[in-house]
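What follows is a short report on a single structure.
Chain lettering (A, B, C and D) follows the sequence in which the chains are written, and residue indices restart at 1 in each chain.
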Amino acid sequence: MAIKQRLYDLLEGGNRSTASQRCIDALLGLLIVANVLAVALESVPRIDAIYGLYFKAFDLISLAIFCGEYVIRLWVCTEHPPLKRLSAGEARWRYARSPFMIIDLVAILPSLVVSVIGVDLRFLRIFRLLRLLKLARYSPTIITLGRVLYEERRALFAVVIIMFGLLMLSASVMTIIEGAAQPEAFGSIPAAMWWALATLSTVGYGDVVPITALGRIFGGLVTLLGVAMYALPIAIIAAGFTNESRRRDFVITWGMVARVPLFANLEPVVLAKIGGLLRSKSVPAGYEIAHKGQPADCMYFIVGGEVVVDIDDHRVTLEEGDFFGEIALLHDTQRRAHAYALTECRLMLLMKSDFHGLMETEPKLRREIAEVAAERLSKGDWSHGDIPDEELQNRPLEGE
Amino acid sequence: MAIKQRLYDLLEGGNRSTASQRCIDALLGLLIVANVLAVALESVPRIDAIYGLYFKAFDLISLAIFCGEYVIRLWVCTEHPPLKRLSAGEARWRYARSPFMIIDLVAILPSLVVSVIGVDLRFLRIFRLLRLLKLARYSPTIITLGRVLYEERRALFAVVIIMFGLLMLSASVMTIIEGAAQPEAFGSIPAAMWWALATLSTVGYGDVVPITALGRIFGGLVTLLGVAMYALPIAIIAAGFTNESRRRDFVITWGMVARVPLFANLEPVVLAKIGGLLRSKSVPAGYEIAHKGQPADCMYFIVGGEVVVDIDDHRVTLEEGDFFGEIALLHDTQRRAHAYALTECRLMLLMKSDFHGLMETEPKLRREIAEVAAERLSKGDWSHGDIPDEELQNRPLEGE
Amino acid sequence: MAIKQRLYDLLEGGNRSTASQRCIDALLGLLIVANVLAVALESVPRIDAIYGLYFKAFDLISLAIFCGEYVIRLWVCTEHPPLKRLSAGEARWRYARSPFMIIDLVAILPSLVVSVIGVDLRFLRIFRLLRLLKLARYSPTIITLGRVLYEERRALFAVVIIMFGLLMLSASVMTIIEGAAQPEAFGSIPAAMWWALATLSTVGYGDVVPITALGRIFGGLVTLLGVAMYALPIAIIAAGFTNESRRRDFVITWGMVARVPLFANLEPVVLAKIGGLLRSKSVPAGYEIAHKGQPADCMYFIVGGEVVVDIDDHRVTLEEGDFFGEIALLHDTQRRAHAYALTECRLMLLMKSDFHGLMETEPKLRREIAEVAAERLSKGDWSHGDIPDEELQNRPLEGE
Amino acid sequence: MAIKQRLYDLLEGGNRSTASQRCIDALLGLLIVANVLAVALESVPRIDAIYGLYFKAFDLISLAIFCGEYVIRLWVCTEHPPLKRLSAGEARWRYARSPFMIIDLVAILPSLVVSVIGVDLRFLRIFRLLRLLKLARYSPTIITLGRVLYEERRALFAVVIIMFGLLMLSASVMTIIEGAAQPEAFGSIPAAMWWALATLSTVGYGDVVPITALGRIFGGLVTLLGVAMYALPIAIIAAGFTNESRRRDFVITWGMVARVPLFANLEPVVLAKIGGLLRSKSVPAGYEIAHKGQPADCMYFIVGGEVVVDIDDHRVTLEEGDFFGEIALLHDTQRRAHAYALTECRLMLLMKSDFHGLMETEPKLRREIAEVAAERLSKGDWSHGDIPDEELQNRPLEGE
């Protein structure tokens, strides 16, 4: 079991910040890039003639490593805290369906099939490029990029419609204007679309250009439409990113503080004081908020989203308005439990020093917090009780 | 009447989220795209020679479908709640002038005229591309795009002036520098504008390039101006989008709460508490806020814009400071009325659970809300009374 | 004097929203565009050979109109409220130095000189393009554009340095790599800069491309640098616009309300209430805030900038913390004075209905406002007294 | 010693706003640009043949000047306040490792080595372009640009991965589609990458274009991917800039005021009043906040970051919650000490007039401030005491 745990830490665990974790990530990342470059070089006939065998060997070795990686990940996934309480089979089946594991499978399956069947068609090599997708695992911001694009999908779809319309319009008008002068390049709408695309995207190959006066005037207008065609998607995505990052470091408002049940009966003056002490933090789904055994430096209030707290023998889920992490502060000790973000969460943090200051000046608040903490310590009675396993199984894993 | 109502639901009704609504939208959308692609393929002589008849048939069938769609929409529009109380003729005349119906008419009229008259000139086929406009109905964000462009129209007009100036300047200077060396391409300003446009828009066909040393130095400067020419419109539209989305999820300020007459006499402490409970929501004009018969989960306060509430036999319009939706919460029942946004609206929502909590701790507030609700229930006496039909007729329909 | 006043209203006055004002603006704008197009057409030898005389006549007539416009503007400028109390000579000399008048002069002077001297060199025609600058008068957002560019000038200068560096680097490295293979195109750094510019700006004429393998690899990297070269200026200007528009509709904070001396002694509860009633408005320098004789719908508090109030026989300047426009509200009458923004101003508006509501519930505040108003009415004693004319003369005019 | 101090002021001191400072900056900046242009001109064989000697002389003289500048900067750096208390050797060694000095060294070292060894290889001239880096010293916003890029490095890395993937995919698919028709241009993936790069970056040289129908259809799709490839980096950097500038002019919240220990025991009403008086200011690391001997116009509260105050014979470091600059206000005198931002700082400013107003109405606050000031004056006892020199040595210098 020790080796399983160690492999889990090496391949999957925590914040990926230990030396060995970074090393394994870098090695696997380099192997992926090397694979893709090998595909490119292998396609040059002269190089393939000389080094063909080496490329074949490299491909097989890489395939073996990636298969091994996949199998090991599947084997050790039972150490993943959210999956720990499931049976091994269930945990693996569930884990195999997580997005990164599906990508890993897609990246190796075609090559595997090909090398098993023994066919080696040239165009099948392109499937090896799919290994690039495995890089997504090492760049969490790709997920952010994807979310921005997903949230702006309606606006981007509208842009695609507009572009399609501009393209058809430019090509159609040009066939009428220029069709007689250059029947080959502008004789039909599909032919003229090649010019229209090259112009609207400002690529401007120059292999086809209008030659009549009227064609040049209309062509000039189309180049300007090209500028507009750039402006819309860039503007939409830029606005999406600005919103995304504004959403990340949110401002703590009076309302957020007032909505915490613990503070419900406090004087407005005290409420304002607490509001001044709290700090904001957004975390993605699957983020490990507290690690058992770490020294505690703050307690948390949940503004949005859900948090799973994993104590020795049971698990509770907390939601908007709940707080946690107070026990370690009260007893000045280490974290007693793991805490994970089940969904994307917005948290308010009360730092250790501010916490102790507040406890001194607000005996009533101290009493309430101490009571909740005592109850939690003695009976394991948390505000929302145990979360049924079925429900947890329907929750997304990290990266979903 | 049953089939009319069912057709209305299918083609026009509600949130377009039922399976049959999405299906009809997808089918009509695909038909539009297929029509445009058919225009493109038909323009290729070889394809037209073989499949010409099929294209003609497809065009006629599509035209028939679109005409049918138009007629049906016009027939069932009397079921549209804001038009329900008008006479059928008035309602249809008014509905026919709504933007989407005008687009639909523009999309079919030219083909209709052509096929009736019997002329079939090649360039008339372009009018069939107008059918693409019908897609706007299925992409509400196109309207947002349009509004951003409209709001930034002054800045974009300024950019057009600057671009025009840069274009004229580049072309004029180039005729002087390069005119002698390449009289055909740079002999006059209109001729040089072809190069200037291709360069400023960074299309760069390369069919015309300066060849003298001085021409290349000035040409190099113009390419850099091209970069600047891109930066301005993109930046303006991006800023417009950022503002647009900031405007959408607005922050509830003390002032918005204090401006609600219902809260005018409350203590500041209670005001702050209420402010903490409210949530913000922006809705576009024509949005259906409450649907009769739905279960109620919140009540609404209007921060900006106007809302029409449509009860059995009469209609009232509410504005800034008014509230609605409280009856269903008080009596724990379903929505008693339809509510539509007459203009773009900013609403504050008080969720059901927060509402009941507040009613318990603030008996005075409960009393006031209950009084208003009782009056509304018994006499139909709403804060602003009935809205005259003439006024309503001058209001924009959905999408205007 | 009547014709002078009428001409002033027609050419310079107010908000440019009457039918005759919009008409004269449109006519002058069209004349400018027609002039520029004439320059372009005149440069085509064939057209010039046939219609040369007409172009000459059109140019002379246009020149006469623009000269007349300039003289009339100078004549009527004494009606401009901020200049009214100066002597006619002083007013005209000061007005002639305002930016728009300098532009107007620059736009006509070269043509005037040329037509007086009688020389008609071809390149002198370019000076006629300067008339385009006159359009700036009709597009106030060009000034906003200019300010954004000015405020981001440091960042844009940094971008220019980076671009210059990238350009030199690309060209230099390419001379080493490709110099031997294509000595004409890449033999020296200045020669290679033509390719580097076309590539970095993504114009890509294609008249010069690297042909060696190493040259293509490096060339490929340079195309990617081109993408980066676009990203920086666009991003800087977009951020500048976002800030500009955020600055425009500013949020009224507690601090802004608390800083108004009139509110200094009010209870915090009342302060919060007032803060909830105020609305924000930013106006550019030279903006006419109140027009004598207009019905009054609000009073103003100055958050930033300076405002000139122009009463019958004297003028006062108000600044941060001052208020004005209360007299018309108290006596329910029309504006008694003109009010101009001397600098860019941020104002808080208290609407008429809110004002009356507040006066009823806050008798103390009402008393204070009434006292100030009475004093202003009787003695013309305003908080800051008369503004010396010398100081006013050093203030910028509209558009500066 | 006087000349050392004067040279320090001239080359390094203060805000670079005196006439002589601006003059020396401009001269050195021009010399750098002239050097780079000389490298470009020298590379033209014809020019080099005639003026070669002059270029050599100019290069040697420039090198001498830059070397002299480097030596002088190193000599006078002991006058730099943060380094003053170190021994001369330590100060110089530390200063030599600051980023700008390393850049200066890199800019002259290769030329120095070459001219000492006596080799003059053509490609070594490129090292002279490194002198452009010296311009960074004169454009502080380049550092801001760099920070934005650094903060968005993860997102930009994700974009690079996506671009790499798109590039490989486009090239691979095109070899299959177009490889047979144009074996030279599309025969292998590396060959096709030249076309793919030119198309995705929208450079579009046009030397290689697909000619088959399928190749053109796929090529058209790739041009559209080029538009997307632009949108992502531009959007990311634009959002980064918007955040950067939002971070700069931060809003003073209740929390920031409440966190200042000096205000801890004040009534909320007074707290709100103070909050209304404070203004915000962000300063970069190394910024000189107060200059000894200057007239004082405000006192400072630190919201974030650390400030070093350098009094005659000792130095203290202040951090979040501390205040400084009150002594000069209390005694209406000049600044008694230099104050530097050790890290990037967020400060709240209390202007002189507001300070005196507040002191009158809040005698308790006045007493507390006066006490702290008296203690600081008599014993030099500052809230955090002396900062050990070792710690200071590990702090970044200006521009790091």
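We adopt the following convention: a residue touches a chain if its C-beta (ideal position, glycine included) is under 8 Å from a C-beta of that chain, and two chains touch if they have at least 3 such contacts.
Keep in mind that what you see is a predicted model, and the values were worked out from it rather than measured.
> If we look at subunit A and subunit B, which chains touch each of them?
Joint contacts, listed by label: C, D.
> Scan A-B, A-C or B-D for the interface that duplicates A-D, counting it as a duplicate when over half of the contact pairs agree by residue number.
A-B
> Could you tell me which pair, C-D or A-C, is linked by more C-beta pairs in contact?
More C-beta contacts join the chains of C-D.
> On C-alpha atoms alone, could you tell me the rotation angle mapping subunit B onto subunit C? Nearest 5 degrees is fine.
Rounded to the nearest 5 degrees, it is 90.
> Centre to centre, by mean C-alpha position, how many angstrom separate subunit C and subunit D?
Averaging C-alpha atoms per chain gives centres 31 Å apart.
> Express in whole angstrom the distance between the two chain centres, defined as the mean CA positions of subunit A and subunit C.
44
> Quick check on subunit A: which residues sit in contact with 2+ other chains?
Where subunit A meets two or more other chains at a single residue, that happens at 193, 198, 202-206, 230, 234-235, 238, 242.
> Line, ring, star, complete or other: which describes how these chains touch one another?
Contact pattern: complete, every chain touching every other.
> Note which residues of subunit D are touching subunit C in the complex, please.
Interface residues on subunit D, with respect to subunit C: 36, 39-41, 43-45, 122-123, 125-126, 129, 132-133, 135-136, 139-142, 144-145, 163, 193-194, 197-198, 201-207, 229-230, 233-234, 237-238, 240-242, 244-246, 251-252, 268-269, 272-273, 275-278.
> Using the touch definition up top, name the residues of subunit D that touch subunit B in the complex.
202-206, 234-235, 238, 242
> For a test of understanding, state which residues of subunit D touch subunit A in their complex under the given definition.
Going through subunit D, the ones touching subunit A are 154-155, 157-159, 161-162, 164-165, 168-169, 171-173, 175-176, 187-191, 193, 198-199, 202-206, 209, 216, 219-220, 223-224, 226-228, 230-232, 234-236, 238-239, 242-243, 253-259, 268.
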